Amino acid sequence: MNIFVCVKQVPDTETKVTPNGDGTFIETNSIKWIMNPYDEFAVEQALLLKAAVAGSTVTVVRVGSVQDTEALRTALAMGADEAVLVESEDNLDSYMIAKSLKGGIEKSGKTPDIIFTGKQAIDDDCLQVPQLLAQMLEMPSVSVVVGFEHADGKVTLKREIEGGATEVYEVSAPVLVACNKGLNTPRYASLPGIMKAKRKPLQQLSLGDVGVSADDRRIKYSNFQLPPEKPPGKKFDAMDEGNQASVVAEVVGLLRNEAKVI
Amino acid sequence: MNFELSSEQKEIKDLAFKFAKNEMLPHAAHYDEKGELPFDILKKAWELGLVNTCIPVEFGGTGFSTLDSILITESLSYGCLGMNTAIMANDLALLPIVIGGNDEQKKRFLTPFTESYKMAAFCLTEPGNGSDAAGIKTTIKDEGDHYLVNGQKMWITNAGFADLFTVYGTYDSGLKHKGISAIVIEKDTPGIEIGKPEKKMGHSCSDTRSVTFKNVKVPKENLLGKLGDGWKIAMKTLDHSRPMVAASAVGGAQCSFDYAAKYSTERNQFGKPLSGHQGIQFMLAEMAMNIEAARLLVYKSAWLLDQGQKNTQLASSAKAFSADIFMKVATDAVQIYGGYGYSREYPVEKLMRDAKLIQIYEGTSQIQRLVIAKEVISTL
Amino acid sequence: MSKVLVYSEVHGDTVKSVALEILGKLAGQEVDVAVIGDLPEAGVKALAEHGAANIHKISGNGLDNYSAEGYSKALKTLIDKGGYDYVMAGSTSAGKDLMPRLAGMYDAGMASEVTNFTMDGGTFAGTRPLFAGKVLAKVEIDGPKPHFVTVRPNALGMPESATAGAGNVSEESVDVGEIKAAIKEIIKGASEKVDLTEANIIISGGRAMKNAENFKILEECANVIGASVGASRAAVDSGFAAHSMQVGQTGKTVAPSLYIACGISGAIQHLAGMRTSKVIVAINTDPDAPIFTKADYGIVGDLFQIVPLLTEEFKKIM
């Protein structure tokens, strides 16, 4: 089975994000990059599937800068077999990324049976690439997946929707699966895994190699800014049992009459 | 000159740090309170290759350089000093075998540690001899077809759970340090008595006990090198282990600093965050610069060893400096937290207790200064 | 002026309110609405009142259940006929899944999860949060039309006054052919409540809840005010609450009109997920908890004492 995983490198969730000087993007100087957290579930599911289906390979594909290839190296150290890197700046839009990933997958020389991605990247939070990529490759996709079972060439997928409900899908390969938290517990890359990863093949491609150019840009961002700070709120001390009831009554009154949300 | 870690070293450090933050730190207070060894966590660390980093590739280990190893120690200590002590004690006990053992001994003693998670204990200190290690009383007597070991060891980390003990004794106390020898004793050997767990100020989740050897018959093939090689082996072990202990101080200091710095931006007094007050700023700056200075000293002391150069002076400098600034940083972290810092509800109180031990074990801060002075004066 | 198609989901006997929010912002444009399946009269009325010129009800083989493939093909048939400049939808579970696939069919650009937008001169310009709301940016779309937009529910707010449209209803029948990824069954969630991302009111618990059992007191309060119950990452990681309840950077990003944080200190990851809530109430014993810096109304007190009082007080006025 040819298993593919698409991963993205994003700023660590604890990173303080600030707009750059001219508001065209964020300040990237002091950012610590990590693998997109949702992509860890994708890598783990790919490795679990590889272990279950003899003769499978896991190829991990990433579009982004070569400066720091954290996400790819982590995936290889976790156990992926090979990697494809499409080199680009870090601010491509979803359409360009999907098209680059498609090119990267095609250049790998393997036809995908199943593609895993995270349900979204926590940098631009667009939630577009999985579905776009599936559409470009003319395969079905299921997103926000929290359950995965594979038997007899078919996969049964659970997709989380509103109200904690889940939709159950049964699909034959090829299919793209966009993974959510709760699907599995991603493994750590072990130290022997890190050492082995160095010797695993990494194919490096340019945007030109995968047929992507500036004309493919669909989305233009500008005017990056911090969200407006709220004016300070009202604070009430209710540690003392004596005044708790009156504080609560006052706050409920404010919610009704001042904020008008109740 | 290049201060950049290799990409592989960054990954090693990141993995260990991620493990420390996700698996150790959240449970550190619990095991500290209970005074229990967190076997599940230690075993998980072993599965990822974070334990016994001193074992060479030929014997199933990772074959890490000293610098690689201390990056792991620094990160794990960020998670919990006590758990790190349990992990580091293995290296301390296995290093004499790596340094002074023959291939047969390395295969016999080291390889099992790469096949499943086991603990090892390093037995040097005695009730009457701590800093004055050359005066140890434990005897290793040649009885023809075996050695007979007698004596008592104190403050032995991992003692209650160890599969093997690396024991220092003398075959002739009149020879002082030249009589010291190192021998490996396996746990089921008759005559080993393990004491009760010690009640300690910090590093509470690590296991510390006395070990008594009463007429313990040890096979001849367990002696490391020959009789009298022990001192040399011990000194070389310290060249490796002191940078490690120093790295644990850097990890602990960094953790203390991170807590205190974050808290200082969240807590308001006199209408602004603590971090807006110059007095607190001075403290934060002092902490940050000392940590970075310690880190550089530690990395260099490890790097020297990896280059095949003598690192005795820098290893002691790194150990003393890092331990002392950790104590200072942790104390200041408690100070910044104020009343909350003194409470067990908050994490810096434990760090301050843990810091104290680093100034004591593996050679006190005073002994390190004697070593440094001796090295400095010998070049005059 | 641009020609815009709004895809609206049916919800009970009317439409999901995000469609009406979008319609409110599109006053002055030529706006049609597409729904898949049947739309009760109340829904038709609401859409017409909010400016829909034509309301297309699409039905046919393979459209009984949601599927990204089926729904996107169905909408494509309509878009091809109508020659639209923009296609918009709420960023609901279905909207998020469906719209990128549809955009892909046209090799077209899409702006996801905008929280505000303008249509000056008929051209879309939106504002959207990135990096989990840590920054905002202006977003514009280039390239082949139609352009696609999804809008975060509750972000625009309902229009104060609406310009009515003709509201002509037409029925379209399409055959979407084989669907490769089709729904076999739908498992209902434990709670029948509105999803957090669409909830108007959310009451969340943090690590201070101490255990899963204690979430009951939040449930009780939620029942009174029609809120959904959320949780911080600390509470989820400690096993007090399900992943689907997690609010924050690695959970759900929410924008309710009222967010009540109980025993949540306000880690940066959590703040990122709820900071765009209109009104925030925080209950915490630590007067210096960072959550108070974001709260409109902060109560320094023990949630186990305050929340039951709050429930009682809400009962009086609801």
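Going in written order, the chains are labelled A, B and C, and every chain counts its residues from 1.
To be clear about the criterion, a contact is a pair of C-beta atoms (placed from the backbone, for glycine too) under 8 Å apart; a residue touches a chain by one contact, two chains touch by 3 or more.
Keep in mind it's a predicted model, so treat the numbers as computed, not measured.
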item	value
Chain occupying the most central position, where position means C-alpha average	A
Result of counting contacting C-beta pairs for A-B and A-C, higher pair	A-C
CA centroid of chain B to CA centroid of chain C, Å	53
Geometric centre distance via CA averages, chain C-chain A, whole Å	20
Where chain A and chain B are represented by their mean Cα positions, the distance between them in whole Å	39
Chain C contact footprint on chain A (complex, rising order)	11, 13-14, 16-19, 26, 37-38, 93-95, 98, 122-132, 134-136, 139-144, 146, 156-158, 160-172, 175, 180-182, 217-227, 230, 232-239, 241, 244-245, 247-249, 251-252, 254-256, 259, 261-262
Contact set on chain C toward chain B in their complex	288-290
Of chain B, residues touching chain A in the complex	7-8, 11-12, 14-15, 18-19, 47-50, 62
For the chain B and chain C complex, residues of the former touching the latter	266-268
Complex interface listing, chain C residues touching chain A	66, 68-69, 72, 91-94, 96-98, 100-101, 103-105, 107-113, 129-143, 179-195, 197-198, 201, 225, 242-246, 249-251, 253, 257-258, 268-269, 275-276, 278-281, 285, 287, 292-302, 305-306, 309-310, 313-314, 317-318
